[in-house]
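In what follows, structures are represented as structure tokens.
One chain, chain A, links the two complexes that follow: it is found with chain B in the first and with chain C in the second.
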Partner chain A sequence: MSSAAPLARGKSQRRLERYVLPSLVGLLFLCVWDALVRISGSDLFPKPIEVARGIGELAEKGLLHKYIVASLFRVTWGFTLAMAVGIPLGLFMGWFKWAFQALNPMIQVLRPISPIAWIPVAILWFGVSDAAPIFLIFLASVFPIAVSAAAAVANIQPVYVRAARNFELSRFDLFRRVIVPATLPQIITGLRIALGIAWLVVVAAEMIAVSSGLGFLIIDARNAGKRYDLVVAGMVMIGLIGLGLDLLVRRMERMDVVRWGYHNQ
Partner chain B sequence: MRSLVRVAALIALWVVLITLAHGAVNLDVFKPRRAGDGAKTFKIGFLPVTCHLTCPVTHFINKSMTGEEVFDPIRFNGWPELKEAYLSGYTQATFILAPMAMRLREEGVPLKIVYLGHRDGTAMMVHKESSIYRIEDLKGKTVAVPNRYSNQRLLLFKALRERGMSIEDIKLVEMPPPDMPAALYAKAVDAITSGEPFMGQTELDGYGRILYLTKDVWPDFISCVLAVHEDAIKNDRETVQRLVDGIASSGKWIDESMDHRMQAADFVSQNYYNQDPRLLQHVLSKPPDRVKYTNLALRRKDFEEIEALGREGGILEGKAGFDDYCDTSFVPDESVVKPYPWESPK
Partner chain C sequence: MTRAESDPGSRTGGASHSGRDADAVVRIRDVWMTFPGKTRDKDVHVLEGVHAEVRNGEFVCIVGPSGCGKSTLLNIVAGFIPPTAGQVTVEGKLVTRPDARRIFVFQENGVFPWLTVAQNVGFGLQRREPTERDRIVHHYIEMVGLTGFERAFPRELSGGMRQRVEIARALAAQPSIIYMDEPFGALDYLTRLKMRADLIRIWQEERKTILFVTHDIEEAVQLADRVLVMTRRPATIKEEIRIDLPRPRDIDSPDYLRVRDRIFDAMGIDRTTGRIGDGSTLDEKSVVPGL
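So, the complex of A and B:
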């Protein structure tokens, strides 16, 4: 739809679609939430304004930035390690068919296991340090990254590789000039999905007795008696930061090298 | 390719920045170390419940009296994580459900119960509007217990049996105590039972009613005990003894006066449990003997009763006896134990 008449639409209309519409949906969501709590008469489930106050209270106590930093730290390391392992592993599996056949079944066995199931293993191996949640986040994101990288290589049109061979490109140049640009879009899509998963796992990962983080905030608030406003505050912060992360990866999709790949498809 | 390098550089920069930020705000790595900080390796696991109250109280009073931290209290959020951290050797000692400790011992885990953590301090709550007024009324109802190895379950077992009923007459579900109040509020279960303050919370919020307090069904009830790794007992008797003496003294201190109970409620809520102080104030005072912290010596007959119930309930096999899972050599003489000479600075 957007490509149908890109020039006909004015700047103001684009702004409307980009900012105003989502804001309206958000506002409507808050209103419905508020109304539902009022109708149900529940005094346990918080209204949006109470959640906002809860977030304010956390910020005032200086906990909000601490928790955000802690969660981002764990997701950063877990996800970066997953990229460092997952992308090379995926490229390797995509390029060598025997490697794919050898490794893929194992990956498919490990992939559907929820990080919650790994919690005991993480504690037994890493105790109760930052390493345990990082390990869980790593596990949750490494397989989607590897699978999408493998699929990206497998999907390269053979004609490009053949053409490159005809030009007698060295192995390194073949990798740099053909494989990387051709696979990057799909790898980045994989990364985007995996980052979403990594961030999703943060609550489960912080159920281990770490004493900071947005996931910890939720679990701690459950321990704290009737503080469901803080539980929802943690959920809201996780959601908002997730949105920010997604926007960031989308920016990566607009890079030159990536566009090159898109045009090829 | 160049923009790819740029992205990689940005990612690397972010990794460094977030690591530094985490180190600064959460791990205090940039603060100057005090002498002796490194020596504090004796970690004790606990949960934010009244059954484990003596753990933070001992730690807090010791720290403010001598500036010394004898041990490092580690707060967990649930039984499985607490148990796994102990099994992995991360914590050297832990407050733990008595039947769970006995079961672990049966399975060959090198632990010994060296002292109790409390007595009583559990309630069974029903919804204010429910038609359950006697234990007999629980027939056919759903009851939430913290864990299959919890003494709350065995207590229910005992209470039902004394009324000619059995566990088959009710539906048991396992549920983490922090989730119980909301489950009762939503009437997802008919009754809940766990350590405080989660039971008192339903009273404070106006929808829970006490069906029974443990002291009325099983006087001197033990939910949790202090268990220590056998290596610590072999190699570090001194620390274990200091710990047990500390718990005995802080128990006496808590039970010395209502004022001390309120002081404990305040500093534990703020510094360890992160709960509304009103919660602990409530369960430590209404009634005052809802949970007790004196008379914590290990008595053979208490444990043999738990053992018998545990065997009946199918959670213990009887492979370990009192002398296997208990080490009474640290238990101080109750008449000699003095409360800490300490008052909370207001």
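So, the complex of A and C:
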């Protein structure tokens, strides 16, 4: 059929754009990287193949697994605490204007302070332990979570609240059956942004405040023997895991209860 | 003969015969509404001394030019906003807030997008036991013609189907009165015609009292037992027109057209130019703050 051909071509073209092109760009990147190292003659900065071997070495020693778990553990705790505080705080601020007026200026002052600047304070308070990076991750992600939750409440379509009032929902039911689902899409978007920040921060915190995790791997590989192959191996793992975390939250955005909230899909 | 008769008595409210109507379930008494402006002289006077009544089981349409305050009036009657002065009573009780026995159908997007069709329709039935709830939900989904779409989400439906969901949600709550605020206003012409026919069929099955706001005169004539014609802002009810035509109504019949033209005349509209008596057009609406 004449109409089937363009359709089929459309499909294969989509596949080309989705998978083949990014793979080609990645391959090109590796080639340029390899070529540049060869041209420069550097014996410290690794070629891609050496980084791959480095990852293999770390995996063999069991360090890769251990450090990834350590980093993810801290992010999980810090981020969970940030959700536990940030979402209720944001909903509260979004619903009660006075709460927003009272708290927002403080948040806007705290928010631009880089989590890195808190590292000395975190060490002072928590010592060199898991608590320090967890605190830093919490600080870094709680504000974006709270701000997006507050904005989500402020953006609720008034018609939903009016319909709920018409059905004489109790305050608790209004919250549970209307406010939460109505704000969920925007809250999830806030979580995605905050998780990205949390992942950035854990690496920085681990470089200074603890002696395990992917951030520690990087700084340790450099300090202990100028093992730049392991430094870059750590960077690659951070990138891949960050991508994985983002994809995880994006999956949440495809759930039926929130899909309505994203217009361009 | 024309079967539509004007009832000028309604203009004077309390003293008219409708003011003493023992059957009235909704009584709107001398309702005034002013939205505050930046300064006192910029206050927006929306309603000025509105009197009206709706009898049990009656289908009443409120028509008026865009921005005249008919939607504001319906929101006051439903208890969403308090009037500046005057009062509304429903079934003898003063309206102070929304009530689950009177459900409001919004112009669009009133259904909850995070719930399926069935969950939306059952929204007001949480206190019922599950099998009873399912039975009611099923019944009203069938009534509005959405069987097969129970598990669909609103984003998967057309605008007309979403309005059907909202009507079913209202009916399922088994209210005595349904308030409808231009519920078909955002739909295309053919969908609107179909929705009107279905609404009349449902109303005849259910015999609910319906108070229906529209700017569409044709729609009012096709639906209503009685049409309340509002003036421009500050608005009051200028005329009340009874429509005794049998349903379903033929929009080409001479009787239908005669009633329609009566409403055009009551609103002071020139039928060829769309101009209102004083030379302005219907489209010259200004936005009412707060709604």
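One rule holds for everything that comes next: the second predicted complex is superposed on the first by the 239 of 265 C-alpha atoms of A that agree within 3 Å, B and C clash if a C-alpha of one lies under 4 Å from a C-alpha of the other, contacts with A are read in each partner's own complex, and residues count from 1 in each chain.
Assume a contact is a pair of C-beta atoms (placed from the backbone, for glycine too) under 8 Å apart; a residue touches a chain by one contact, two chains touch by 3 or more.
These numbers were taken from a predicted model, which means no experiment stands behind them.
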Chain B versus chain C as contact partner of A:76, first or second or both or neither: first
Per-residue contact with chain A, leading partner among chain C and chain B: B
Touched partner set for A:85, first chain B, second chain C, both or neither: neither
Partner chain in contact with A:131 - chain B first, chain C second, else both or neither: neither
Chain B versus chain C as contact partner of A:44, first or second or both or neither: first
First, second, both or neither for A:99, with chain B first and chain C second: neither
Which superposed partner A:123 touches (first chain B, second chain C, both, neither): first
First (chain B), second (chain C), both or neither touched by A:224: first
Chain B versus chain C as contact partner of A:168, first or second or both or neither: second
Overlap of the chain B and chain C footprints on chain A, listed as residue numbers: 184, 256-257
Of chain A, residues touching chain B in the complex: 43-44, 65-66, 69-70, 72-73, 76-77, 80, 119-120, 123-125, 127-128, 130, 176, 180, 184, 207-209, 211-212, 219-220, 222-228, 252, 255-257
Complex contact set, residues of chain C against chain A: 78, 80, 97-100, 102-104, 106, 109-110, 112-115, 123-124, 126, 153-155, 173
Touching residues (chain side chain B, partner chain A) in the complex: 1, 3-4, 7, 11, 14-15, 18-19, 21-22, 25-26, 45, 48, 74-78, 80-82, 84-85, 87-90, 178-179, 181-182, 185, 197-198, 201, 204-205, 273-276, 279
Chain C contact footprint on chain A (complex, rising order): 157, 159-160, 162-163, 165-168, 173, 177-178, 181-182, 184, 256-261
